[in-house]
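I've put the structures underneath this note.
Next come two complexes built around chain A: one with chain B, the other with chain C.
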Partner chain A sequence: MNRRTWLILALGCLGLLFSGAWMAPEHLSAMDLRLSLAGPDLVWPFGADVKGRPLREYALQGAEVVALPAITAGLVVALAGVFGGLLRCVGTESVDATIQGLGEVMGALPRMVVVLVVALVIPRDSRSLMPMALAWAVLAAPGAMDEAASVAERLGGSRFVEALRAHGYSATRIYLVHVVGFNLRPVVVRQGAETLMQVVFLEIALSYLALMEGRPSFTHPDSSRSWADLLQLGYKSLFPSLRYDSEHALWLGLSLLGLVGLMTVSIGRMARAR
Partner chain B sequence: MLPLMVPAIITGLIWALPGDPASLICPPSRCSGTQALAERWNLDAGPFQFFVGWLRDALALNFGRSWSAFQGMDVGNLLAEAIPVSLMLVGLASLWIFTGVFGAATGWIHRRLDPLLQTSGMIPVLVLALVGAAIVDLTYGFGSSGQEGQMARIIIGSAVLGLADGAFAGAVAGTRGLFSSESRQRYVGVAILRGERELANTLPNVTPALVGQLRARLLHLLSGAVVVEVMLKINGIGDLLWAGTLEQDFGLVLGTATLFAVGSALLLVLQAMCEVAVALHVRRSPGVQAA
Partner chain C sequence: MSALIALEDLAVRTSRRFLVDGVSMTVQPGKVTALVGPSGAGKSLTARAAMGVLDVDPGLVRGILRYPALDPDKDWMAAVRGNGMPAQRTLLAETRHLRGAYFTYAPQAASSALNPGRTVGRQLELAIRRRDEPPEDLGSEIARILMDVGMGVDVARALPGSLSGGMAQRAALAIAVAPLPRLVIADEPETGLDPVLRRAVVELLVRVCKDRGAGLLLISHHEDTVERIADDVVRLRPTGGAA
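What follows is the complex of A and B.
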């Protein structure tokens, strides 16, 4: 597939995520026990939960929980990558070495441990995914900076900039167009997209683990539902003895994860080098 | 530095929270004796005093007691029970990584499989852990908490950890990338013309980068172990960390997070030792046997 097709796919997935977040209801609909675990044929388009509430609302609220923090984390990592690449091109060795040293220390911390420490200190009445997403982004940033710096290094680093200067190009054109636009773009966009996906998966994992313990999630208020609720509801359908007909929730949850995966791949492919 | 940094950050965060730390464990609205508790846990003399006291005890392998998740229980004992379980889980999971590295380096894992591996590597750890938990529960039913069930959980958990989030796929792709770029070097072409083996020539030069990649992947396994242990009900360090976080049990989180940091620091030391060994080996300039 060419880059334009990937761009359309990426925009489509991002559009779905953001329109879902924008349309998310503040609270779930009223219960209707007659529609308990109703399939998509009765409650269009995704079916209903055990209390007869449409799963569409779960999907929308889940999108609202993850959309902004995941995009923010992705942007932070992409910008850090740009910074790392530019730093290598500028050729400031002492700053470069300091940042590399800091990156080594940050990269040596197990991310989940740091995220849980951040979760530990979030006041319970102001739960949000954003602090954890930012912590994740800060931990992912050194890797992105390192990769972008290697790309800049392969390009020639400061010698590449000198060569373009000799051609009479302005600094803005050299750094923004040639270094970032033409050379760093594939790496930083892919890194940003991967972080976006990781933050979504992180939210689902944290919410699912909290659900398993019957505890409120760290990532969203009790009035909201995460995509993890769909997986938890659907998981019970894997046990035939339980006779819990919630396969539609499982499929919806997995499809949403697949959509995020597709979005990540398409963003990465649309930005790949020619 | 890492094992010191992690408890220092957590201590800083405890004091950064609104309200005094003792009230966090024992809110005066719900329980009496907050002041006595503060004195008992060394929380009444400020963060530095607390940190130095905790560190002094930790160096004597005394990690204090759990504040709320396992109230009153010795954190050291909890960790001692959990460490072998987590080591077994991460150790078995790392076999996948080593297999991926070995398979890619020797060419046993064919390049044609790469797209398939990369696609399967995108499956998040949570989804594979869900499948794993379902397999264990369906296979062992009520007996899944017994000895046999626990072993099955560890084996399935290690497979989940080794395959999910691109752990295995990343090991294959990373190793292949390193070797293929090194193989393009001029000296490798010359060596092949001299009848020497490609791997014997490239291996010493890629080993430092390979060890660096391995460290990052093992760290990734340590991180993922938290999700796998909680999902599959494996009583490891990750499970303790999760329980401590849920209960805002700073005593337990301090111990477990420090242990993770120690693990990470050990990996860094191992990496440095490997790099030194490779440098010494390269310096000896050993002869390469002709094929």
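What follows is the complex of A and C.
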């Protein structure tokens, strides 16, 4: 597929995520036990949960929980990558060494443990995915900076800038268009997209953990549902002995994860070199 | 015809030593001028100074730089001598419109000249657009330039990373000549190539420049290459002065 197709796919996925977040209801609909675990034929388009509430609302609320924090984390990582690449092009050894040292320290930290600590530190009334997403982004940023710096290094670092200067390009054009736009873009956009996906999976993992422990979620208020609720509701259908007809929830949960995966791949592919 | 570059008594130094001292050269249209000398003699520095690119502190101590084909009287270094980095930055800005148009530069390693994030065709397109009057049909112009340097049209779609050393040098040469400059400055274009390819690339460079009536300032430390193709030779001593 060409870049334009990937661009359309990426924009489509992002559009779905944000329009879902925008349309998310503040509270779930009223219970209707007659529709318990009803399929998509009765409760259009995704079916209903045990209490007869539409799964569509789960999907929308889940999108609302992850959309902004995931995009923010992705942007933070992408900007950190741009910064790391530009620093290498400027060619200041002391700054390079500092960044590398910082990266090694950050890289040594167990990311999931740090995020769990952040989750536990946040007061229950202020629960949100955003602080954890930012913590994740900060921990991922040195890796992105390092990779972007490697790309800049392969360009020849300051030699590349010198060559472009000799071609008559202004400093702004060299750094913003040639270094960032043409060369760092594929790397930093992919890094940002991967972080976006990681934050979505992080939210699902944390919410699933809370669900299994019977605790309030770390990432959203009790009035909201996450995509983890769909998976938790749906996985029971995998065991016939339980006679739990919730496969529509499982399919919806997996489809949403697939959509996030597709979004990540298409964002990365649309930004590749040309 | 007026000379393209007239550089007189160039002296550039750091706080510790002279990098070049007393270098003079003139580059004529349609002629090959070679700048030769051992490594560290200041060949690249001299060529860059001739383009108005100086970033040494304190930098320019002496020197007169003229582009007689543009303005026979203007000394571009007049306000720079002895005034350090700020004045050199001003010169860099003043001469920016000339780089990539009046003269183009093919750096030592083709990997530095080619942008790995853009196809050869897109880079050629950018270079062609620097002409005073770019052609309407960019596609056929790109094909023509690629053919001039002995490459097929399919190379336009290739990223530099997929080219061999010799092809990368040819692509760098194509980009250097695409804006139709009056002068091409080639900094050791034979670097990293085997002897056969080295000869072919240099001969191609000379042919393409002469076909277009452009001058060529060739930086090299291969005496045999220089003897064979240069109309004028400027030799630099190891200390950076003219021999």
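A few remarks follow.
Assume the second predicted complex is superposed on the first by the 274 of 274 C-alpha atoms of A that agree within 3 Å, B and C clash if a C-alpha of one lies under 4 Å from a C-alpha of the other, contacts with A are read in each partner's own complex, and residues count from 1 in each chain.
Just so it is clear, contacts are C-beta pairs under 8 Å (C-beta built on N, C-alpha and C of every residue); 3 or more make two chains touch, one makes a residue touch a chain.
Model, not experiment: these values are computed from the prediction.
The partner that reaches more residues of chain A, of the two candidates chain B and chain C, is B. In the overlay built on the shared chain, the residue A:Pro45 is in contact with neither chain B nor chain C.
Contacts of A:Phe239 after superposition: chain B is touched, whereas chain C is not reached. Judged by the touch definition given at the top, the superposed model places A:Tyr208 against chain B, while chain C stays out of reach.
Once chain A of one complex is fitted onto chain A of the other, the partner contacts of A:Pro221 are absent, as it touches neither chain B nor chain C. Looking at the shared chain after the overlay, A:Val105 reaches chain B, while chain C stays out of its contact range. After overlaying the two complexes on the shared chain, residue contacts for A:Val117 are found with chain B alone; chain C is out of touch. By the document's definition of touching, of the two partners only chain C reaches A:Glu162; chain B does not. Counting contacts by the rule stated earlier, no residue of chain A appears in both its interface with chain B and its interface with chain C.
Against chain C, in their complex, chain A makes its touches with residues 154-156, 159-160, 162-163, 165-170, 178, 182-183, 185-186, 273-274.
Within the complex formed with chain B, the chain A residues making contact are 105, 107-113, 116-117, 119-121, 123, 197, 201, 204-205, 208-210, 212-213, 215, 228, 231, 235, 238-239, 254, 257, 261, 264-265. For chain B in complex with chain A, the touching residues are 1-2, 5-6, 9-10, 13-14, 16-18, 122, 124-127, 130, 134, 137-138, 165, 216, 219, 222-224, 226-227, 230-231, 238, 241-242, 244-246, 248, 250, 253, 256-257, 260-261, 263-265, 267-268. The touching residues of chain C, when paired with chain A in their complex, are 48, 51, 53, 92, 96-101, 104-105, 107, 109, 111-113, 115-119, 122, 130, 159, 185.
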